[in-house]
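Heads up: the structure comes next, in structure tokens.
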């Protein structure tokens, strides 16, 4: 599915997830190459968020395997998967309500240096961390909100903080859960440019989105999920004209 | 020169401060523990046994007691991982009661008759420990580690998904909290030179929580203020004679209604720091 | 002998069931422990005593205890819970603790801190069935408990108020959308909770023919254990767990020693929390756990 040259960054083989009697994911196999932007679309309830949860280790797969850079991560706990290079944002924002924006940008960073340095004030524990946090502040235009407490922030700013936080974890792969929901055209375009820039710098992106225009304009590869299974994959153009896909969508309210 | 009575009160503040801090440290990771008196009891009896029957010096005995208690704390923390909120609180309550009940039946160390024979330590010694641990925690509050603890407190799932090992953080907090409570217990034993299981029951655990919540549950300094309030308020209310406890209860409710975050919180401390910075 | 212990255990268990129900009524809709319930139980006992000492019937004693406790409980809801609805759970819990301190102080001042005794001739009749010797009072305790539990069950299952209560317990926001006033329902829950605790107080006070201001804490804590073991989110767990724990406690004291008794009770509670946190009669595991 991806360009044959590089070995894949993330590979899912036959991944299934069941909750009691309900099959949320059925035999899902997909590959995400290095430096790719991949989209996952599908009607509501298709299992997209479950897919994210399985990839990040929030749910353990009922069957199948996941590898990150050829490292099997199927049994790993969330934090280990994140440290290995996968970060995500949430559909309903999950910030740390009592912490400031600056603190968000510090805490997500992988801690470099000896374990003991953790006990030191943040400044001395890892001086480079402050630099990285500063960069993220500027990149997302959050300088004015540096010391604001997360729960007091306006919605749009919260979303930026969520993404900025995910990026400070220095991921190889960024999972975005409906990043442009509720955004106007300007904001969506701004985000698209940001994502393209990050992609140029080497970041792979996997995103779930209902906004078709956004997906088609940004993603290089697209997977279509319906009832927990992949029903189609290809380039945006291929997907747009795929009769199976159209059928799945016309069967639910989320028409393009 | 302060009277013996007042010295006793100050000793109480120091001991309560340590107990409050033990709850504070655990609460900082989002876990409410209503059973820290159990850790205090472990500390008190271990330390007392070591000084009275093994003739160890007090300081070494206290450290040993803290170690034993922290091991118990870590053991408790593992199953506690599965519980949240009020269920965790109830489990810790059960733990505290079990320790008290166990001590009641443990005749080797006195059982219901209590344990005695300890040498009294000075007020200065008590505050060396209390002040020292308070300072340690105040320093820790600025660390990277504390940032992680606060993230776990605010949203445990999100914390895991930004790469934090929430398990280690929560267990570590319990272990550390247990150690601090044990020191409180050891000091209590060597202040009152007689201990019995009833000293380490639910009322004691609730006192710790009360001190933290009243003083301010989001900063370490809150434990200090809360402890001072809890010890001195009943004294100041003495003039109410038989009704002073009711007055205390009323005051408690009033404080919670008007300032539920406690006397001090981060915002207040920041404001005070700003004012001091501005002053010439 | 064993049978006798069983009867004693069931009597104690009946009281636990009432108090556990009292806790779980509030716990079910608010996820908080009303730490004043122990003292409401104690208050009920004293009110019942006062009535009996005034030569009135048991029924009046029960009424007085239940009514008094219910009224105080409603005051607690208005003052300690309602204004603190949106703060972290520990805050209203400590507020109810404040009330428990006030209650205990008031009772101690009005009635003194020494145990009050009833003339023991009152309900002393005993009946013998084979090897079992049951006191009249024991039968009364068990009987009244059964009636009260049945009454509460009827209220909750069959009346509109009860339905509303269940709705709020299920999902407060949805209930509000459906027009249920969560505030009034909470008040009702507190009132019922108080009435049950008060009744338990009257029963146990008359059963032991003595009462002190300090009975609240210990019994209250045990009742929490009973609630957890039965299943905090399913009201009827207390029905099973109460007698179970009562019997366990009585047997431990008879064959083990009185020191071990608390170990057994709380040990069981912790075991349940670890192995089956929703309790013996509880439903889905996901019922458990909201942030403090």
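When the chains are written out, they are named A, B and C in that same order, and each has its own residue count from 1.
The definition used in the following text is that contacts are C-beta pairs under 8 Å (C-beta built on N, C-alpha and C of every residue); 3 or more make two chains touch, one makes a residue touch a chain.
Fair warning: this is a prediction, and the values are worked out from it, not measured in the lab.
Of all chains shown, B has the CA centroid lying nearest to the centroid of every protein CA atom. Using CA-based centroids throughout, the chain positioned farthest away from subunit C is A. Per-chain Cα centroids separate subunit A from subunit B by 41 Å. We define each chain's centre as the mean of its Cα atoms; on that basis subunit B and subunit C are separated by 30 Å. Averaged C-alpha coordinates give centres for subunit A and subunit C that are 50 Å from one another. Across the complex, subunit A is touched by residues 139-140, 142-145, 147-148, 150-151, 153-155, 157-167, 218 of subunit B.
Within the complex formed with subunit B, the subunit A residues making contact are 56, 58, 77-79, 82-83, 87-88, 90, 94-99, 103, 106-108, 110-111, 117-122, 125-126, 165-166, 169. Those residues of subunit C that touch subunit B in the complex are listed here as 27, 31-33, 79-80, 83-84, 87, 89-92, 94-95, 97-102, 104-106, 108-109, 217, 221, 224-225, 228, 232, 257, 259-263, 266-267, 269-270, 273-274, 277, 288-292.
By the touch criterion given at the top, residues 30, 32, 79, 82-91, 93-95, 97-98, 100-102, 104-105, 111-112, 202-203, 206, 209-210, 213, 217, 242-243, 245-246, 248-250, 252-253, 256-257, 260 of subunit B touch subunit C in their complex.
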